[in-house]
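Note that chain A is present in both complexes that follow, paired respectively with chain B and with chain C.
== the complex of A and B ==
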């Protein structure tokens, strides 16, 4: 906020001096006269609006677009095919072409649909996703609004999604859509409970709802990460958070609202063109948001996550390598893990071209080099941005990997998981964390 | 269409599932009466893929009907060819050369693997996992390549002739088949790792819609669906045709490994096990196949003596029988085709009561209903 106030003061000063320098008979004089009488609060509001929309537009749109590209490449690799690689380098610009295509498609509204609600529904989803981004700290100085009730705000705003989905399903005048919407309402409202409780645990430990405070708490590297802060409890809370968040954004194995083999396409069956596209932008933005919140609340946020050299090497090698693998070589790395039986998820493994050994060595070298560099440069804001984005994208990748591997749950099994497993488990964890805090103070 | 009267309750919603619906694999239609997510009843409506194949049989000559049999079951067309040929050969009392019989077996078993791959591939897809389908189809493509080199076609083969087969094996065919089998068998283990041992998959299917042995027999279920219910019945073993009595294989039977006997998982597992048995049969056939003729002497225009015959083969979806009546003219008087999917379709209505919509999809997928077989 201080930066903005300074910027606005500077702007007003510049405006004033420019007006003074104008000659008496200039036709612009009345115009600038009016501009000079605009109070500082209005300029502040305008500048906040502009900078916020700049950040949102310049971050969310590319993130959502890039995620569709990553999703297609990951899916391609998992399914032993290639994925999009035609438009732009390695198919990176495919999402722009897709967007143009969607915009040029017919915007069809079915007969008997509630036209107003039908048009309104996608905006609720977009609104929910975009508003959530407003308080996410992307890096040093890169946060639109650092509010002191960040977590509460996030939980509240992300619930807008369920209204959008319900509206979409209800207004489509289609029974499959309606079923999807009902499933979604039940699912999202239920999973808010374990999700909220799992986020309460970091909040308890830090003693603040502010995302900035959560970030600051984890500034001392790996060992101060909140996922390790209260023994097993935060560790469990992290996984519960992640799985509940999967249910929140309707991704496999909880993609019941849009189960394409059961409900045709669920709540968005009747949508076409850019309205359908908006649903997807919201979905991918929300996926990134999951990663973002997980990173901020449990995994150190944008802070340099390293306190010592071995961990420095490990963590950054992991992030760097994983990112490269994800984008260009798909989950071959992950598949090599999956060859061991009994891994948590049944892993997709196929005989995909594996890395050649020199390439691995070069990557290893590069990642060590870059991680040392990062350590040195860690006060530079762009580095913190990179750290945050890589961590969050790691989760986006995990979500995609799960999607292309697992079947989906049935409605009752999903509810069982929420109310009979996760909710009691989170009660235990919240209690446990409280006791842990008492004990560790003593 | 509405010949069935449905009693309506106030709190009931009628949903139309199909004929264009992602999980019906073709053009099946179910009128689904639901109470929210709960299915009260799913009433199959058939006839969307009816092509009058049985009527066509009365209009064309005996040889000329063979290409139409491909369309009875285009997922595994070889067995459909084979059954018709067997029935007409029985009318003619023709002795088929040994080599032709073995070639038919090789073609049948390749086709059975291909068909079961579609079945076990689309099953997880109906439960939400798309990837196994792609793996299954990748292997099916290789089988299609093999069959293409055998008879020149990839989907509707028209390979079996009355009295033999149309082409002998091309050079190196046996080596290519065994090379394929060598790389295919370990892949089935990978497939098991990926999906058969997946917890969600087992949770969804274990104990779902168990069909008892008695019920399965009462509804006339055949093939893998019947064997999954615990009934050991396989035409290849119990009423052997071609040279199936000369090869050694087991009949996989549902054992309720993840729930009850005859549940959806058993129906899935029986197919997986049958793929392995088919691999075993293929290996033996490739070794045992004798030299010799591939076509018995059969006249260009067949005029069988007056009479009737029924011959059945164990197709991928169970007993596929052709009942042929001859009036000693050059066309058949009547051909009736008995297919497995038709009876599988009939059991859905009684089994769908009280299921979730998601389970209904799983039930349809587990019965491996293929639309062209239902309507013909």
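== the complex of A and C ==
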């Protein structure tokens, strides 16, 4: 915050000196005169807004884009095929191409649709996802806003998604969209109950709603993680949280709102172009958010712990793999440019040979070594950021794995799971945690 | 009451069991090589089955122009013109024995664009001259290029020449025969 104040003061000084240097008959003089009269607080607010949105945009957009790439590769491997590997090294640039494609497509609005609400709906979803990121502690010092009602704020903001989906479905003037939206609303509102209750258990144990306090509580390593804090009760709560969160973001096996065999595509049937893309950015951002909240509330956040090593090995292995592919990609790309059929041809036809088994084992060994190194260094802010990202991405991976494994629930089965099973279970867990706390105090 | 409670817990157990079985099954696939063959970069013609019915090809050296393929084709995409030539014999690929050849094709066209790869022309061929290759990439810029003409210019001139010679010979033979007959008739008439 101090740096921001200093920057704003420097900016205002520069503005003033520039206005002084302008000649008397300049047409810009009145404009800069007005700018100079803007008070410092407004500049501060503007700069806070800009920096926050820049951080969010620079973190969320790549995360969401990269997740789509990971999803396609995971789906490919599960179905014994390859997945996208054409654009760039191993298809790493696929999401950029997808984005450009979506932006250049026709933005079609159906005739009977409520144009204003139709255009508004995707922004609600995006807003819900992005605002949730604002209070997520990404690492040491890396948190946009450390508010003291963090969990409450997260639950409140992520409910914006319901409004967005309902608006999208209703304004499309399409019965499938509307049905999908209604289902989605029913589902999200129902699963909010076990979700909130499962997040209540860490809050009870820590005695604070702040995500920073949750993080600090788990600073003493593996044994202090909240998933083990109250015996079986927190353990169950973690899984209930994870499954309810899946239902909350409409992912398989709870993707009833977009059940393509029944509802075409659910609430986003009528959307096209970048508006449709926004739905997906929101979905993938929410997936990361699930991982982020699970990490913060149950699995020690970015705090130093020996148990971080498997997560680090997992992500470092894939990072090393991709890096080696990129290293080999350069010469291969130059070679295929030499065939003189243009850059696009070279981009699509450059291929790096698959790695041999010994090389993969070497990479695995390297990633184990370097993850131990990172574990030692994890008090450094950038390393703590990496720890958080890799733990969250592990959950994103699990969600994708679930998606390509389990079939969709029926509506009654979904509601049965929520109201007959998770809600009573969470009542028991909350009571149990309270008793556990009493017992352990004595 | 107790039954209902046990049923409730049993539901959790079945859910966990079923989910873990599914996740294990798909999880194994992460350690499995993809079965995808990246086609244009990897040549697949040698991987195709032995009896794959690709684009038709005719071995003109052993074709005896018997026109069974033309008759067998259900959509008439094979057109054959031929001339008579001197009697020779070709080795049949099917029986392995020499087969007599008295006709020489001057035109053997197959419209690959029409062909439906049924293989009905291949079956009756006595010498195995017409057969399916494993080639399937028939992309051309103009459809007319897909009409494959199997008779080369040399074969055509050869066949023409042969047929002319044959006609000449036959004409001569016929004339000689006529002469002989005439002479025979004359001698017979003088004898009488």
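The definition used in the following text is that the second predicted complex is superposed on the first by the 342 of 442 C-alpha atoms of A that agree within 3 Å, B and C clash if a C-alpha of one lies under 4 Å from a C-alpha of the other, contacts with A are read in each partner's own complex, and residues count from 1 in each chain.
By our rule, contacts are C-beta pairs under 8 Å (C-beta built on N, C-alpha and C of every residue); 3 or more make two chains touch, one makes a residue touch a chain.
These numbers were taken from a predicted model, which means no experiment stands behind them.
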Chain A: partner with more touched residues, chain B or chain C: B
Which of chain B and chain C A:179 touches, first, second, both or neither: first
Chain B versus chain C as contact partner of A:406, first or second or both or neither: both
Which of chain B and chain C A:81 touches, first, second, both or neither: both
Contacts of A:120 with chain B and chain C, given as first, second, both or neither: neither
Which of chain B and chain C A:437 touches, first, second, both or neither: neither
Partner chain in contact with A:421 - chain B first, chain C second, else both or neither: second
Shared chain A contacts, counted only where both chain B and chain C touch the same residue: 78-81, 349, 404-406
Complex interface listing, chain A residues touching chain C: 76-82, 349, 351, 401-402, 404-406, 420-421
Sites on chain B touched by chain A in the complex: 13, 15, 21-23, 36-37, 124-131, 134-135, 138, 190, 193-195, 197-201, 203-204, 356-359, 361
Chain A to chain B touching residues, read off their complex: 78-81, 175-176, 179, 182-183, 252-253, 255-256, 259-264, 341, 346-350, 404-413
Touching residues (chain side chain C, partner chain A) in the complex: 8, 11-12, 19, 22-23, 25-27, 29-30, 32, 34-36, 38, 41
